[in-house]
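In what comes next, chain A is part of two complexes: it sits with chain B in the first one and with chain C in the second one.
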Partner chain A sequence: MEWRSFHKNDELIGCLRAQHVRPHHIVWVQHLDTTALVETPERVHFRYRLAGPGPRAVAWFIDVVIRVVLVGVVIAFVSLLSIIPTLAGAGMGLLLLWLFFLDWGYGAAFEIGLQGRTPGKMAMGLRVVRADGSPGRVPDFVLRNMMRGVDFLPGIFGIGVAVMWWDPRMRRLGDLVGGTVVVREDRSQVLGTVAIDPPVSEEERRNMPGRVVLGRDETAIIETFLRRRRRLSDERAEELALLLGPALSERTGVQAPSWERVLTLAYARATGRDREAD
Partner chain B sequence: MDRDTFVSTRRARWDALTKWVERPPADAAGWTELARLYRGVCTDLASARSMGQPDDVCSYLDELAGRAHNLMYGARRVSGLGIISLIASEFPRELRKQWAFFLLANVLFYGPFIVGAVGAYLDPGFAASVMSEAGMAQLEDMYASPNLARGGGEDATMAGFYVFNNIGIAFRCFVTGALVGLGPMYVLVFNGVSIGTAFGHLGSAGLLPNLLAFTAGHSAWELTGIVVSGTAGMRMGWSMVVTEGRTRAASMRAAGPGLFRLVVGTFVLLAMAALIEGFWSAGPMPPLGKYIFGLLQIGIVTAWLAFGGRGQS
Partner chain C sequence: MNPNQCRVVLRPRGPLEVLDLAVRFSRESWQPLFRLAAYMVLPFVIPLAVAAWFLEGHWVLLLAPLLLGPIIQAPFTLLGGRLLFAEAVPLWPMVKDTLRQAPVLLSGWLATSVALALSGITCFYGAPVAQMSLMYITETALLEQAGVGRGVSRSLRLAGAALGTAGVAAMARWGLLSWFALVGEAVGQSTVGFILQLGEPFGSLFGGQVTPFLLTGMLLSQPAWAIYRLLLYVDVRTRTEGWDLQVGLRAAGLEQ
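Presenting the complex of A and B:
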């Protein structure tokens, strides 16, 4: 399986197309969905989550607001300058240069300086990287930002959104030419440890059936539930436990005053953790 | 190894790396430490996968490795030497490589230019069909004397305006190449006709020397800049149509680096034009001086585009 470079995959598809093979059986269409796999020089694969039009639109809007503010600041500065008559003309020229720069250079300048992020993208947890996951370079950023003007046509990113819809990696025209993708950087946390809280009491242990067998899915679900338990309210926890509790209680014969406790006890017995730290 | 053991035995270095990622190191020792931690996390990610650790652990490590990776292999420093070589040799070489598009762009621009100039010179009705009455009057008014009258500081304003307006037009000309090359064709023909008509019309009004004296200095840079932007735009459109066995997306991407060089060239050409047009062209120099200066500019631009980067691989 070739994960190394998407360009290669693209070329592979091109070859297959030339041979009249349907390209939809290629690995990444099937596997990548909204994630992109990346192989680093350290030979490790990691995944990027691709960003769709929604968060990107919000990021764009934030950047537009910032640009408006930046124009305002310079207008204020220039009108201050124009108090001195000899500097008025230079001030006007400066303002026009600034407008040009904001039009064509705002996105590229920030993406170069902030490793693929504009302030809007930072706020939304987005980043521009190359299609193979490596960090973007200057030409990539310049091209993708220049092309925004066409993506915007015929108004509110009509072409851009259409192209994103067509492209499996949700790229707009600028990303296609620049060779970039926009990814979501999730600040995910490793969830807490599984806590049997409070520990299984002597009485509970006596009342439980001697052997409880849980399926692999059931174990995984209960583990996830117990890890998240500390961040859930009691009511919400009981609500969630209700989804599995009754069926589990009936099958295994574990009884408890709350469904949450049913899950906890069943899990503890099945994994042998009902005997620990008493 | 169960999940909790896996996490708790490795958590320390994950947290340490997180700290570095949030606050990039300032010194070499810090980077060494970061690189060490990053390799560790990569190993953890690989073992988490092969052990079948739960999804949340894998995605956490994915994300951490991704951020560290981006930081370590981050945007390369732009060196001054790189920029000079890009402008002086890579751009002209790219332009010569795309000679067919450059030729087409020249035809699309200078063809209508000649039609406009000859038409407007011979037939006053022609100019009226391209320009408005007010536009014609303004044009005649502007070039009524050999030196444009500009007040103090107006030079800087105009230079800023030429950057904003002309480079803006050229960049739009390039990017609309994504409409299968039609945008640049329109821009080239439209500008060719309009500028040609202005020349022809002023010629028939007997004001051509004034216009020539004004435009002599910057025209080599400006007109070439427009043509180069059209070249880049049509090259991009072409990559969408003729994919040479690639997917359409891959074909556009393959054209990207070359397009960047042409865009840089466009910018330099038009920025030079804006400087000259802003600070020289309207100046007090007698026409002969301006013509000589203009010929010098044509020589510089021609030599640059024809010989820049030759003999290098």
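Presenting the complex of A and C:
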């Protein structure tokens, strides 16, 4: 493989060079995803999910709606002020000041106050963080929002989206200047236990080998398969189970009328879930 | 298609995340995509600019990019599909393969147009529903080599399996079209009016005219939509047919 393929993954280039690995010694398939790898000073690696133009456009639209509502509220207030003759001119000044603040301060103020989120970003589950994954600081938020005007050129974020398209972490110009990146917050939830459906019968339990050992990857993929089983048709589930079932049956001695059941029983016995139905 | 060789990580995603993936995918494969755009989009720009000049920006010109859309999108779908599994794809054989499937594609588009017209006439919400349901016809024709009947039924099944995705995608399609059109107009007017100081020789959108810049933007949105829809198709197949599970289970099976 040639060097040109490696520009796709900056992190890997660093690792390869540090270890004096020659690229042509490696058979490597680059898998593209919307995640980025971060290495902490403690050499801990973690991935975060990047937010690109799709969710950010929706978040921006929500913020625009909120800003329109806020302008409407101030216009109503200014109309009331104009009833008082001495305050009629002040009302217009107030409105212009408010428009200026909304244009230049809305994003920064909310991102500072809500730790990297505006109401639109909150609704979309997005957050602005520093490029190294640490929480954003006040200057970062101010800088990235000051550049919004440039990103908006020549209209509707033409430059911003073009820069996002070019940058591997989908950052607009403001993000590059502020050293920030917009990420999706993982709204993680505790996954429920995997359903063994139908439960392991007494006869199946008797016919199973006393001990079944599954590797970590095997357990993980069978668990994922069982969790998503309901979204698959019966034919497709059996087709998928056929990829692992025969080899697993031969290795562990688990027998069943279908390959899908072989996976289920092997998983149930390996994790002790076969005794749950009692 | 062998999902083991796929260049994108196969996992269930939301429609907006797929849009982000489409951005990254088009960035990684920009050279062949741009080259194909030069063959497929540029030849239409000059005739449309001439037409815009003679028709003085009549609104009927807006129909041209919409009618040309399926013709422009088809090779991009096939190119995107091949780029998912290969680093380099020769363009001409790919265009020939697209032409070979042209009868099926034309029949599919005709079926879609008839369905859109009929559903639009009979029910107010019919047209968007028909558009959502038949959105994967190009993918089924080109990537699964399906005939018209099977292509329609496959598209209905895939869209029905992820109705929310199809709905968001339908909105995203018009969003993409509008965004490209407006940015095209803004870039064109800025270049001609401000940089070259030539004023507004084609009129402007805000003056009620359809300009070549707007039409170019609309044409350029077609490849973007084709790539996005292709990745949506891959995502729906991952979710409903477990492509990622296929990769994982096969790998686990090979380790035995």
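Here is the rule we go by: the second predicted complex is superposed on the first by the 163 of 278 C-alpha atoms of A that agree within 3 Å, B and C clash if a C-alpha of one lies under 4 Å from a C-alpha of the other, contacts with A are read in each partner's own complex, and residues count from 1 in each chain.
Please note the rule applied: a contact is a pair of C-beta atoms (placed from the backbone, for glycine too) under 8 Å apart; a residue touches a chain by one contact, two chains touch by 3 or more.
Please read all numbers here as calculations on a predicted model, not as lab measurements.
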Partner chain(s) touched by A:Glu39 [first = chain B, second = chain C, both, neither]: neither
First (chain B), second (chain C), both or neither touched by A:Glu238: neither
Which superposed partner A:Leu173 touches (first chain B, second chain C, both, neither): first
Contacts of A:Leu248 with chain B and chain C, given as first, second, both or neither: second
Which of chain B and chain C A:Phe225 touches, first, second, both or neither: second
Which superposed partner A:Pro154 touches (first chain B, second chain C, both, neither): second
Partner contacting more residues of chain A (chain B vs chain C): B
Which superposed partner A:Gly54 touches (first chain B, second chain C, both, neither): second
Common ground on chain A, meaning residues reached by chain C in one complex and by chain B in the other: 220, 224
Chain B partner contacts - residues on chain A that touch it in the complex: 7, 10-11, 13-15, 17-18, 23, 38, 40, 42-48, 85-90, 92-97, 99-100, 103-104, 112, 115-116, 127, 129, 131, 133-140, 142-143, 146-147, 149-150, 153, 159, 167, 171, 173, 176-179, 183, 185-191, 193-194, 220, 223-224
Chain A contact footprint on chain C (complex, rising order): 5-9, 15-21, 23-28, 87, 172, 175, 179, 182-183, 185-187, 190, 239-242, 244-246, 248-253, 255-256
Touching residues on chain A, where the partner in the complex is chain C: 5, 8, 29-34, 49-55, 57-58, 154-156, 158, 161, 164-166, 168, 170, 184, 215, 217-218, 220-222, 224-225, 228, 231-232, 236-237, 240-241, 243-244, 246-248, 250-251
Parts of chain B lying in touch with chain A, wherever the complex brings them together: 3-4, 7-8, 11, 14, 38-39, 42-43, 45-46, 49, 54, 56-57, 59-63, 65-67, 69-71, 73-76, 78, 151-161, 163-164, 167-168, 171-172, 174-176, 178-179, 183, 236, 243, 245-247, 249-250, 252-253, 255-257, 259-260, 263, 278
